[in-house]
Each structure stands twice: as C-alpha cells, then as structure tokens.
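For reference, the structures are reproduced in the following blocks.
Across the two complexes that follow, chain A remains constant while its partner is chain B and subsequently chain C.
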Partner chain A sequence: MMVPEVSALLLTLRLALVTTGVLLILGTPLAWWLATTRSRLRPVFETLVALPLVLPPTVIGFYLLIALNPTTPLGGFWLTLTGETLTFSFTGLVIGSVLYSLPFMVQPLQAAFETSARIPMQLAASLGAAPLDAFFTVAVPASIRGFVTGVVLSFAHTLGEFGVVLMVGGNIPERTRVVSIAIYEQVETLNYQQAHGLSGLLLALSFCVLLFVYVFNRRFPVHVG
Partner chain B sequence: MFLWKLSDADMLVKIGLRAALMGVVLAAWSALAVPRAACAGEVSVAVATNFRSVLEGLRPDFERQTGHRLILSAGSTGKLYAQIGLGAPFDVFLSADQDHARKLVDRGLAIPGSRFTYAVGLLTLWTPQSVGWLDENSLSDPALIRLALANPDLAPYGRAATDLIHALGLGQSLSGKLVLGENVGQAFAFVQSRNAQLGFVALSQVLSLPAEKRGARWDPPVGLYRPIRQDAVLLQAGRDNPAASAFMAFLESEPIQGRLPALGYAP
Partner chain C sequence: MSVSVLQLDLDTVYAGFSLRVQAEIPLQGVTAIFGPSGSGKSTLLRLIAGLERPQRGRIMAGPDVWVDAGQSLFRKPHRRSVGIVMQGAPLLNHLSVRGNLTYAAQRQGDRPAAYPFSRVVESLDLEPLLARRPPSLSGGERQRVALAQAILTRPGLLLLDEPLSALDRARKAEILPYLQDLSSRFDLPILLVSHDVDEVVRLADRVMVLKAGSMVDFGPVTETLNRHGFDRDTMDREGAILSGIARKIDRELDLMEVEIGADTLFLPREEGRQIGDVVPILIRASDVALALQPPEGLSIRNALRGRVASIRRLPNSAFAEVGVDLGVLVLPVRITRAAVEALSLRAGQNIWALVKTTTLAG
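Moving on, here comes the complex of A and B:
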C-alpha cells in the first residue's frame, strides 16, 4: 500500500500525461481544420471548442454523469467490455479532462497554424510536396511554439482540475483520488498539515510548468517566412 | 491567448475608466440592496445534507408562523463544521451527528446550553429501480459493481454505512466497489443517476421523493450501526438574532418533532 498522498500525486501526473497525449492526437487535426477551413460552420466549432473555458466544471460533470452511466449506450458498452463503470474510473476521468482542457490545446495550435504555418504549407504544396509530408516537415516545425504552449497548458490545466473529478470521480484511492480531491478532503477534515504539503507541491509544480512556457516562448522566436 | 497583448496605453486608460464606472454602479446597487434585506428577520442555517429537503418542506410553516426568512446552506457535516471554524456567518448549525455540534460548543463557537437532538437519522440501502425488494444479500450480489456512500471522514451517514458494512462482515468483498460522495446528497445523486447500482443514503432522502420514484430499499436493523443522533446548536453569530432563537424553538416544538417519523427519522 502506497502512502495516499504519493499515490494521489502519481495518479494526477498520469492523468495529466494521458490527457495531454489524447489531446495532442485529437487536437492537432481539429486545430488544423479550424485554421484552414472556409466552412461557414467554423465559428460554431470554434465556439464549441471554447465552451469549457466558460462553463462551470459542475455543468461538465453533470452531463458526464448523465452521459456515461451504465444505462446509456456508451456506458453500457464500456461496462460489458471492461466490467467496470465509466464514471468512477480512470478512463472516465480522462474523458472529462480531455473535454475540460480541449481549448488549452486547440486554441494555441490554431493560432500558431494561422500565423506561421498556412503560407509555408501553401508554398510546399505548390512545390509538389504531399500534404501529410508537408504537414510534418513544414507546418509542425513552424508551429513549434503553438505545440509547446498547447502541450504545457493542457498538462498544467489538467493538474489543476477539480470540479469535474469531484462530480464523476467517487474519490477512489489510486484510481480517481487526484491531488486536488485529496487536498479538499484534508482541508474538510482539518488536516491542514497534509493540505499544506500537497498544496505547496502543486503550487511549485504549476509555477515551474508555466515558467517553462514563458521562457521557451521568449528564447526561441520562430521566424516566419 | 498569448497573442493578445495590451500594448496601447490608450486602451489601458479606457479600460480603467470603464472599470471605475462599473465600480460606482455596483457600489450604488449594493448600497440600495443591503438595508432592505437587513430589515426583515433572517436566520441563516447550515444544514447537513440529509435534513435539507425536510427543512425545505418545513420552511413555509416557519416563515408563516414567525415572519422570519430562512436561508439554507447545505453540505456535509465535516465541511460545514470547518467553515464555521473559519468564521462562516451562519446563525444555526444542524449537524448530522453529535460530535461536531459538541465540539463547536467546546471551542466557544456555539452557545453553551443551546444544543439539543433535533432528529435521529436512519440509514437505508437504496436503488431507484423497482427490483422487488432489497436485503442484506443484495450487497453480495455479483451484479453489484458500484456501491455509493458518503465519505465516512466527512459525513455521519457515511460512517454509519461503514459501521454496517463491517458489522455484516463485508468490508473485504465490498472494498473495491465503494464510491464516496462528498456528502450523503452526492451519494444519493450517484445512485439516482444510475452510476452506482446501490447506495447507502438517508431514509429521509428516499421518502422525500414522490412515491412512484422511491424504487426499492432495505432498512438495516438500527443496532448494526451507531445511532445517527443529530444535534442542533445556536452559533455565536446568531446569539442576538431573534430569528435564530425563533428557529431553534420552532425546530424543537412538539408539532414539528411529531412530523419527523413520517419523514424518515426515528420516532
């Protein structure tokens, strides 16, 4: 049995890493599409992506409780597949976190694609490069700052997640009891000592992560052209 | 979001002016709003989740009888206790146990002599589905994947539920299936939204539902868990508030106490 505080910390880091990975895979094509499309639906999709910025986490948590429970098709499918419910599971938390941190990945990527990758990509295409090849050799390096910002912010934002996890997590040690929940519980039970330890650690970690973004963005200006 | 920068001094001035104007408007609005609220008698009650719906039901009677307004803040007993310790402006605390109420008196945060037991809570095992009936064997059913209860460290109903689980010798077999709500209200929501098949909740919560939505339940023998004696205390903030004393007297009165058994509390 691990010390509860250590297991909460490890779980939080794992959740942030997995969420960031999923967001990188889903967010990149989405951001590229938003940056390049001429579709009239573009503002609608941009709005959908930005919604988690303004919605209270309780709204997201509430809809997840409704959408993921075992009586729904998705929840039922997951139950027969794995024998566990989607809510109160690590996978459920990943789904919640992906929704919750979506704008933090997509918005910096979209901005980077729009400012530094669209024109070089058109040039590469006119020189006969295959689209996917051009994307990885031209667009990605040109938008590296967007990628770094998106990855780091998604990671940091997931570290700080609380409301959604409180609503769909169920506080299960080593599975859904993340640091923010552990801190909440310590404060509620007046264990300020442990609350101090975990809060200080999270504060330091978040500071370092954000400092990295700002230093990186200053050090490595990307030349567009 | 990193692309947006305030480079223009004009812009800053404009934003500053706008903020100042907004401040003036807000100040005027709050100056108008506050005295009106302070005129009417108000009692602010911090109530353990299990008693919330009961109190909502009693609210019209209280407000009609006394002319005072009742303001409710519901949460887990542990949370409300911590908030009161940090100066939350409540007049009355309705705990879901005796310990927290007693501790507030000991710490000088509640009025000595004001404490009384306003209700004795009952635990029930509940599902919103109409499955015929539940009994203690339902807890060993292999189809049971998730069992919801309130966090035993924060909520007396959670502690009663863990008492019961251990008394039935099911601590081992259920340990991987428990999901904890922050209070008994969240435990109830986990079951009602079908995310957990069964849950230990307060009988009062189930009885507050319309009859056709009460599903099935098992009321375990009261000897298997510590009695959930729920105490009320008058807090220091409510010392000189006539509405607060009126509320305490109302809650302790014969007619109100006589209504509690039908609402899910022990007679």
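Moving on, here comes the complex of A and C:
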C-alpha cells in the first residue's frame, strides 16, 4: 500500500525540480526582456505571463490537452520523434507545469531586474563590461533575491499542482500520478489515513520551502544603490 | 598632440522636455555643465556616456562617432572610452571595494594599463577601505571608490554627475582636494555636472550653462558666470566672481593673500595653491556689507574699494541691490533699503565693500 505513494512523492519532486529548472532557463531571458524592453507589446506579454494566476487550472489543462494530443502537429511530431504521446506522459506534465508556474518565476525576476539590477548594469557597462558579461557578473548577483524567490515559489507551486496535471496527465501510477492526485484518490476511496499522511507531508514541505524564502530575504537585505 | 574635441550636436526630446545643445568641448582640463535642477544636465551626461539614446543628433569624440541618430549609429557604453561616476556614486554592492576596483581594471582588454592599480588606490587613499563592502561606506568614501573605479577603466573622458551634491560640508571638504587635481594628475579630461557655483569655480576651467534643456552660454568660468549669474536655484545674478592672484601663503595662519587690483583679500588657504596662481573668488551679493570709510575696529579685514554704480530698490522687499564698480567688474551687493537711506548712498560715491573671509570660500 505504501509503495505507490512513495512513487507518487518521488514523481512530484522530480516534476517540481525539472519544471523549476526549465523555468529558470526560459523565465530568466523572458523576465529580462520584460524588464528592459521599450516595446509596446510589453503589457500584452505581461498579461500572458500573469494569466495562469487567475485562470482555473482546468482551463489551462483543457487547452493543453487539445494542443498536445497526437493529432495536432506538435503532438504528432513528438510521437514520431520519441514514440510517446505528449499527453498522459511526464513530458506533458512538465509542459503543463511550466506554463502553470510561469508567473511565479517571471514576476519576482522581472521585479528584481527592474529595481536592483538597472543601475548596477549601467555601471558595469560604463566600466567596460559587455552585456552578457555584465548580466552574469552583475545583474544576477544583484537580483539574487528575485532568483531565490522565483525558484522556491515555482518549486512550491508545482508541488501543489492539481488541475493541470489531472487534465494533461491523468492518473497513471509511476508516470503521471503526483501527490495531489494521490490525495484526491485516497479521499475518493475514503482512505483518510493515507490522505492525512500525504496532505501533512505536502503541508510541511510547502511550509519549509516558503519559510526558507522569508528567512533568506530577511537575512540578505538587498541594498539598492 | 593636439587636444581633441567632444562634439555635441543634440536636439532631442527626453522624458517630456527637450534638450538642445551644440558645443565643441575641448578634451582637456575640467569642463563644468552648470544649471538649475531639471535643466537637463544629468541627461546630457548620460547621453554622452551612452546610458541614454537621443532621438536626434550626433556625438563625436575626436574622430570617433559615438552617436549619429540620423544614421542609426549608436556605440554602446562599454565600447566608449568614457568613465562615469553617476549621481550618488553607485557601486557594485555584491563585491568588496577591492572587487569593485578589479572589476573595472579587468575589463579593459589588452590595452596597457595607464595607471597601475596601486597608484590609483594610493592617490585616492583607498587602502584602508579595500576589504569593506559598499553599503558600509560613507558618501565621501563611495565617491572616492567610484572615482578610482572610473579612472581604472582608463577613459579618454571622465564624467562626474554632481559628485558633491549628496555630501555634507565636512564630506565635501574631504572629497574636494581629490577632485581638484584629478584632471592634471591623471591627464584626464573631466566633464562635471553641477548646480553649485562654488564647485564650478573651484574645479572647472570652462563652463557650459544650461537652462531648461538649452545651452545658453559656454566659455571660461569667470566671464561666463559673471555674464549669466549663478544663484543655485533661480540662476539670477546674485554675486560675482573675481579673479585674484595669490601673492603670499601663510601656512601658520592658514591664510593666503590674494591681490585684486589695488586691494588685497585674506582668504583661507587652499590645498595645492601656489604663489602666482590665479584664484577665482566667489562673492555673493548677500555676503557683502558697505562702508563709507575704510574699516577699523572690525573683525572683517577684507575690503575692496569701489564706486557706487547703481542703486536698485527691490519692490516689495526690504532690500536694495547696489552695484559697486570695482574697476574690473560691477559687484552686486544686497543691503537693506533702510541702510541705503542711512548712508545716503548715491551713484558715483566712493565706497568700501566689506567681505567676510569665511564667506569667500563658499
């Protein structure tokens, strides 16, 4: 009885880690662009990034289910490439989670870039640092709080994901059955003890992760030049 | 080598106000950009540094085109041979002072070091600060670190944005000596933005006067400021700058004697002043008293002989402005209208203008 829940927990952690990693790679340039662009399209992109905050996860999940299924170009391409469908697979879960947690990575990063990195970047440029050099040696350390906040919130938010995962991934043990879905199933089958165990674990984990953010932000106050 | 020139030809709208400047600034010594707050001084400096882009205009440093908006040409700031100390002297807060300095020194490609690290550190007295973090530095210390950082990039031009404005009097006195001979010590042309006439008189060789985004005058400090007035807020004419010659320097009393025409003023000694130097002296209209006879039994020792050239009673005010012709120029003096009556001042009368020593240093 314990084994499937352990695998659900491991799958959840793996999903949260991979999602956070992908978000860090995709979200950083996106946040930088939003923080520095003068394009008139900026509010449109900001809105798109913020949408997952207000949309019911089932809406995102529904559209993804339609967009990723094997009859679409993307889903079909993936199927011929890997022999797997995007829907009801771990890759599909990652895509869904990345979209769902996007604002939790991009917004803190964008805010940090705008408030903490602008002047130091100008200084670095005046000292002769090329943009990419200045980004890694100055903008990243100056925005470290934004990075920590973004990473931790994305991670924690993905841990607690339910609707998107259920729509895109279903409930396949060891493939797409994450903790939140396991809890739902345990409750449905009146297995309250198991549900208690998993819920308590998720609660404790989320508490610790968020506590870390707040303690970190207190210990390392950002000095704005 | 002939002195090259920074050519500005800008006509651009920036954040709601327009900036119009056409000038050729010799890349030698210290040039001040002077004007009241909001006149566009900082924007001009940031355009030269490449931190802002003009919509129209050109900036050329010697033969190098930095900006030509018509040709969509824009050289990025890290490719311009220019150092800037921004307002408030921001530093890289995640690095130590030493880290800040090496950051600058290490990003200059293969160009040979113009000044060894140790010499820059030494000349700005930064040795005791090297291990510190920027947030723990005082305003004056930040300025010195930022100066060193900019110098270490071996710029062809150094831009300073209000280097003294955020500092209190004591800190100003601490940082002034470093600024005073920076240009000659490092053979570095400096462009200095300031709204403080004292700073301009102390530091600059020539001055560009900006008002509401337009350049209204450009030339040698004394003549240009005497022409345009220099009160820090209104830019109204509120005093004059005299040029004296240092004749004697008394290290014991910390005074120097400065000759102006037939008169001698006793001023606080300035570090680095030599006998024979031309000393610009700023006298504010409100810091002068008038006497009909040469002063006796007064603590004020500085008296300049002159003639009353004009008397203008300021409407709705207790004051009048008396123009005292000193021969070299007419010094505006602000006294009460009551005093004008009491002394029965009239044009053509001989008069003594009394100036307190402490007010001369600014």
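FYI, the second predicted complex is superposed on the first by the 223 of 225 C-alpha atoms of A that agree within 3 Å, B and C clash if a C-alpha of one lies under 4 Å from a C-alpha of the other, contacts with A are read in each partner's own complex, and residues count from 1 in each chain.
Criterion: a residue touches a chain if its C-beta (ideal position, glycine included) is under 8 Å from a C-beta of that chain, and two chains touch if they have at least 3 such contacts.
It should be emphasised that the depicted structure is a prediction, and the values quoted were computed from it without experimental measurement.
> In the superposed model built on chain A, check whether chain B and chain C fit or clash.
They fit side by side.
> So in the superposed three-chain picture, is A:G61 touching just chain B, just chain C, both, or none of them (first/second/both/neither)?
In the superposition, A:G61 contacts neither chain B nor chain C.
> Which partner chains sit in contact with A:A124 here, chain B, chain C, both or neither? Use first/second/both/neither.
Only chain C is touched by A:A124; chain B is not.
> Considering only the touch criterion stated at the top, classify A:T137 as touching first (chain B), second (chain C), both, or neither.
After superposition on chain A, A:T137 lies in contact with chain C alone.
> In this superposition, which partner touches a larger number of chain A residues, chain B or chain C?
B
> Which partner chains sit in contact with A:G150 here, chain B, chain C, both or neither? Use first/second/both/neither.
After superposition on chain A, A:G150 lies in contact with neither partner.
> Between chain B (first) and chain C (second), which does A:G96 come into contact with in this model arrangement: first, second, both, or neither?
neither
> Quick check on the superposed pair: does A:G27 touch chain B, chain C, both, or neither? Answer first, second, both or neither.
In the superposition, A:G27 touches no partner, neither chain B nor chain C.
> Give one of first, second, both or neither to describe whether A:I172 is in contact with chain B, with chain C, with both, or with none.
first
> What does the superposition give for the shortest Cα distance from chain B to chain C, in Å?
Between chain B and chain C, the minimum C-alpha distance equals 20 Å.
> Would you pull the chain A residues touching chain C in the complex into a rising list?
Against chain C, chain A makes touches at 119-120, 122-131, 133-134, 137-138, 141-142, 144, 223, 225.
> What residues on chain B touch chain A, complex-wise?
Against chain A, the touching part of chain B is residues 1-3, 76, 78-79, 82, 85, 145-146, 148, 151, 153-154, 178-182, 186, 189-190, 193-196.
> Flag every residue of chain A that touches chain B in the complex, lowest number first.
65-66, 68-71, 79, 83-85, 87-88, 107-108, 111, 115, 149, 166-168, 170-172, 184-185, 187-190, 217
> What part of chain C is in contact with chain A in the complex they form?
The contact residues of chain C facing chain A are 49-51, 76-78, 82-84, 86, 88, 90-94, 103-104, 107-109, 134-135, 149-150, 153.
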